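Reading through the C-alpha cells given below for one structure.
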Amino acid sequence: MAHCIISEAEAVLDKEFPVLDKGFIRLVDYMGGDARVVQAARVSYGEGTKSRREDAGLIDYLLRNRHTSPFEQVVLTFHVKLPVFVARQWIRHRTARVNELSGRYSVMKDDFYAPDLGDIAAQSVDNKQGRGAAFEADAAAGVQSSLKNAQEGMYAAYTELINKGVARELARINLPLSLYTEWYWQIDLHNLFHFLELRLDAHAQKEIRLYAQTLFDITKSVAPCCCAAFERHVLGGVRFSREELAEIQSRLGNGGGVASGAGLAGKELERFEEKLRAGRQK
Amino acid sequence: MAHCIISEAEAVLDKEFPVLDKGFIRLVDYMGGDARVVQAARVSYGEGTKSRREDAGLIDYLLRNRHTSPFEQVVLTFHVKLPVFVARQWIRHRTARVNELSGRYSVMKDDFYAPDLGDIAAQSVDNKQGRGAAFEADAAAGVQSSLKNAQEGMYAAYTELINKGVARELARINLPLSLYTEWYWQIDLHNLFHFLELRLDAHAQKEIRLYAQTLFDITKSVAPCCCAAFERHVLGGVRFSREELAEIQSRLGNGGGVASGAGLAGKELERFEEKLRAGRQK
Amino acid sequence: MAHCIISEAEAVLDKEFPVLDKGFIRLVDYMGGDARVVQAARVSYGEGTKSRREDAGLIDYLLRNRHTSPFEQVVLTFHVKLPVFVARQWIRHRTARVNELSGRYSVMKDDFYAPDLGDIAAQSVDNKQGRGAAFEADAAAGVQSSLKNAQEGMYAAYTELINKGVARELARINLPLSLYTEWYWQIDLHNLFHFLELRLDAHAQKEIRLYAQTLFDITKSVAPCCCAAFERHVLGGVRFSREELAEIQSRLGNGGGVASGAGLAGKELERFEEKLRAGRQK
Amino acid sequence: MAHCIISEAEAVLDKEFPVLDKGFIRLVDYMGGDARVVQAARVSYGEGTKSRREDAGLIDYLLRNRHTSPFEQVVLTFHVKLPVFVARQWIRHRTARVNELSGRYSVMKDDFYAPDLGDIAAQSVDNKQGRGAAFEADAAAGVQSSLKNAQEGMYAAYTELINKGVARELARINLPLSLYTEWYWQIDLHNLFHFLELRLDAHAQKEIRLYAQTLFDITKSVAPCCCAAFERHVLGGVRFSREELAEIQSRLGNGGGVASGAGLAGKELERFEEKLRAGRQK
C-alpha cells in the first residue's frame, strides 16, 4: 500500500478554516492515516497477528497502552495564521517543523488580533494564569477600543519608520504581540495529540484553545479512528493518583458512600471530587 | 544558587550498582536536583509566587499538571553495562545522548548474559510478548547451559576470525544479542521519568525492568521529591477512559455495587476491574 | 497547492530495491518534494520575493546557506530490511521515527547476512575502525563458510528453544548481529541529508554505505533539485579549517607553489593535501 | 571521575554578563567540560586507545570529523534576559530546554530594548534581511526617541488595563516585541555550537549576535579545548562546493593565477572570491 488517500481529508485539504478575528488554519498536506498506523504496528508484530484484530481495536489498544510509535507515522502539514502571543505558546512544542514569515525580510501587514467583547474578562481570582468573570458590555467595549486604537498607533509608527528607511529588522521591534504572523507547521500524529492534550485543556489560554480545536477537527478527517481513541482515553479520560485510587477503592468497598480512612482531605479532596465528577481537572 | 551539590547523590556517585549477571549502572554526574526544578519553575511564575508554596508542594503541582519543562532542567549521566538486546530496547528512547563502545574499534570481551535459572520461563499464553510460567529446575538448567555453551562457541569463532586478521567490523557480526556492551547515557529528569514509566511497567521485558529499577533508585538520591511525586501520580496512579470513569460514577451513585448501565462488558470490563484493583494495568 | 504528486517518485513507490544479500529498501510514502521546499521558504520571505528567483536557484541558496527548515517539510517513509548490526548504527540517528519488527512478538526468520567473498577483508592498518586489503579467494571462502555455518547452528539452537516452549523474548538472546530485521523508517529531508552525509562517507562501514546509497538514489526521484544541491555543496564539497584556508591563500599568492609560512606540517599537511586533491577526506 | 569542577568556569558562575541595554547572560550551572568529552569518546573506543593521543588532539579529531556525540555530554544552563524579538529567533533552536517568564502569571516589568544610536541603520540594499548604512546622528536620535516614546505609551496602556482588572493574559497582548523577557536555557555543547555557528554569523541580526558572542565567551571557560577546535574548523573554517574546489585545484595547477576552465562565473565567482579572501561568507 502506498499513499493513503482519504476522501474526508481530501475534502478539507487546502480550505481555510477561520480562527479568531483574522486567523486561519489550512491543511496543506498529510501523509498516512488510520491505515498507516495499523500497517506500521503490524511491522512490529510480524505476520502472525495479521488477521487477529479489527483495525479500530488495534488502534485503541495501541493508544491506551502508549505504543506511541505507530502514531508517529502519520504526518500533517498546516498553514496557520495566528497572533504572535499565540505563536509564542505554540512554538514551545519542539517536536514540529516550522517555517515562519520573517519580519526581517518582509514588511508586516496591518493585521492585529483584538478579542471579541465577550472574551474580555477579569483576572481570575483562583487561577493565577487565567481569566475570570467577563466584563460588562460597556467596560469590554472600552477595553476593546483602547486595544484597537493602540494597534493603529503602533502600526502607524512602524510605517513611519519603514518610510524613513529604517531597516525592517529594527522597525518591527515595537510591533505588539497581537500582530498576526503565519507559518507552515508540520507534526506527526503522536506529537499532535500531545499538543492537543495540553492546548485543549481548560487551563490553556482561550485563543490557543480555539486553534487546537480547529486542528483537532481537521485531524479527525485524516485519522478518525485514532482521534476517537484519543478522545476516549486521553481527552475524556482521567488520571488518578495512588491516594485517589485508594479513595475510590475505599468508597466502593464502603457501599459507595464517602470514605473515611483513605486520607484525602482539604484541597486534595476537592480536586479529587472535581475529577470524579467532571473527568479531567477543569 | 549555582551547582546543586546533594549529599545523598554524592554518596552514590561513581559507585557500580550491579544489574543482571555482569551488568552495572554507575552515576557519572548529575546537574540540578529538587531545588533546580523549583528554581526553574519560579522563573516562569516571576517573583510574585516566591514564598507561596512549599517546594515539595510546588513539585507535586508541576508533576500532576504536566508542567514538564522544569523537570528537564535536571540532567543525569550514567555509565551502563548491558546486553545488546536490552540496549536495542533502551535506545528507542531518542531523547537521551549516548556514547557506546564500538565493535569496529575494539575487540569485544568475553561477556555474555545468561538468565538465572529462576528467570527461564515459557512463552506466556495470554501475552504475546511476555514470559509465562517458570521452567522446572531441570529444564531451566538445560536451557541455561545450552545458552552458555552457544555463547562460548560464538566467542571462540569470533576470536578465531580476529586471529586470522579479519576486520573487527566483520568479525563481530555473528556475536549474539546476549553480548554485553557499555555506554554513557545522559538524560534529563522529565525524559527519564517517561523512560521509567514504560520500562518499569510489567509488560517490559524483565531484564530492562531491572535496569529501570536501578536507575530509579539512583535517581531518588538526586531528586527525592520529584521521584516521590512521580511515584504518587504516575507509577502508583492509574488512567481511566471516559467509559471507565462513567462506570465508577455509576457504581458510586449506585451504592458501590456493580453498575448496570455504564456499558463496560467482556474484555473491557475485565481490564477495568483489574485496574481498579491493582492500579496500573499489570 | 496540496499533495505534491511526483511522477518519478510514483514510479519507484512500493518497489523493493535489493541491498546486500537479502535486504531491501522500499519507499512506502513521501510528502512534498522540491516544490514544497520552495513553497515553505516563501512563507518565510513573504510575497515580495515570489517571482525573483528560479526554484532551483532558491533551493541551492537555501542549502548552501544552511537554511535548513524548508527541507524539513519534505518527509519520506521507507520500509527497510537490514542486519541488526547495521540497524544498530542506523538507529543512532534520533531524528527519525521507527517501527521495528519485534523478536518478543514474533518468531524470527532464518535470514542472516553473510558478506560476499570480495567484501571479506583484513583489519585496516591505518584506520582503527575500518577494513583494509581484501582476503585471498580461498581465505575469504573459509571465512564466509565459517560465518554461514555458525549462523545455521545459532538458528537451530534458537528453533530448539522455541520448540521447547521457551519465551520468545529469551530464546532470541543468542541470535547473532547478522540476523535480518525490518522496520518502517520515516525521516524528513534535512535529517536524511545529515544521515547521508555521515553514512555515505568512506569511513562508514561498507554495509550501511550501501543502504545509504540506495536511500539517496530513491530520494533523487522525490526531490531531484534538493539532491543536486546536496551533492554540489555537501557530498562534493569540502570544509577547510582556518589554517588550511590560510595555506590555500598563501599558495595562491605564492604563484600556486607549495607555501612556506602558513604553518601546516606533518599529518596536518597530509590531510590537507588529500582534501585538496580528492574533496571530502576519504 | 565524577563532577568536572573547572576553576575558570567556577569563576564566571552566577555572574551577570550584560548584553544590550538591559539584558544579561548568567551561567547557572554546567556539567562536564573538555575532560568529559574525552572520557565519553573513550567509552566508544574502548581501552585500547587510552594513552595514544593527547586530549586536545582527540578533541580536535572528534570535532573535525563530526563525531558529535561526545560534545553532547557537556551541558550548560544559562539564565538570560533578552528582548522578545530576540527570544523568537532564539527559540527556533529546538534542542534546548527552556523555562520562560510567563506574562499570564506575572505582571511584566517596564523593561524595553532600544538600540544604541550607532545601531540605528537603514535597510540594506543588497541583503533583504539586514541592516545597511548607519543613520546620521540626528536622524538616529529621532528614531531612538520615537521608539522609546512608543514604549512608554504601550506600557502606560498595559498598566491601565491591569489596573482596570483585565486578565494579565489579555492585557499583555499589545506589549511590543522590544519587551524584555527572561528564561532558563539549557543546552548541550554540540547543539550550542550549532546555535553559535548560525547566530555568530554576519547574517544573524546584530542583537542576537551579541548574545551569541557572550554565550561563547562564557563557554570558553567551561570547555576551552572544544571551543578552540570549534573556532579552528567551524568559525574560522570555510566550506567550498564541488565547483569551488575545482576552481582552487585549477588555479593552483595553473600557477596560482585566475583559472579559466573551472566554470565559476558571475555571482558564483564573486561569492567564491569573497570566501577565499575572508573565510566564511560574510
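Descriptive notes on the structure:
To keep things simple, chains are lettered A, B, C and D as they appear, and every chain counts its residues starting from 1.
Everything below uses one rule, namely that a contact is a pair of C-beta atoms (placed from the backbone, for glycine too) under 8 Å apart; a residue touches a chain by one contact, two chains touch by 3 or more.
No experiment lies behind these values; they were computed from the predicted model shown.
Relative to chain A, the most remote chain by averaged C-alpha coordinates is C. In terms of C-beta pairs in contact, the better-connected of the chain pairs B-D and A-D is A-D. Comparing each option in A-B, A-C or B-C with C-D by residue number, the pair that reproduces over half of the contacts is A-B. Remark: chain A and chain D have CA centroids separated by 31 Å (rounded to whole angstrom).
For the pair chain B and chain D, the distance between C-alpha centroids works out to 36 Å. In chain B, 45, 49, 69, 92, 98, 102, 105, 128 are the positions where the chain touches two or more neighbouring chains simultaneously. Across the complex, chain C meets chain B through its residues 83-85, 88, 91-92, 94-95, 98, 102-105, 113, 115, 119-124, 128-132, 135, 139, 143, 146-147, 150-151, 153-154, 157, 160-161, 164-170, 172-178, 205.
Those residues of chain C that touch chain D in the shared complex are 45, 49, 64-66, 69, 92, 128, 198, 203, 231-233, 235-245, 248-249, 251-257, 276-277, 279, 281. Chain B makes touch with chain D in their complex at residues 1-4, 13-14, 28-32, 36, 39-41, 43-49, 69-70, 72-73, 75, 77, 79, 97-102, 105-107, 182-184, 186, 188.
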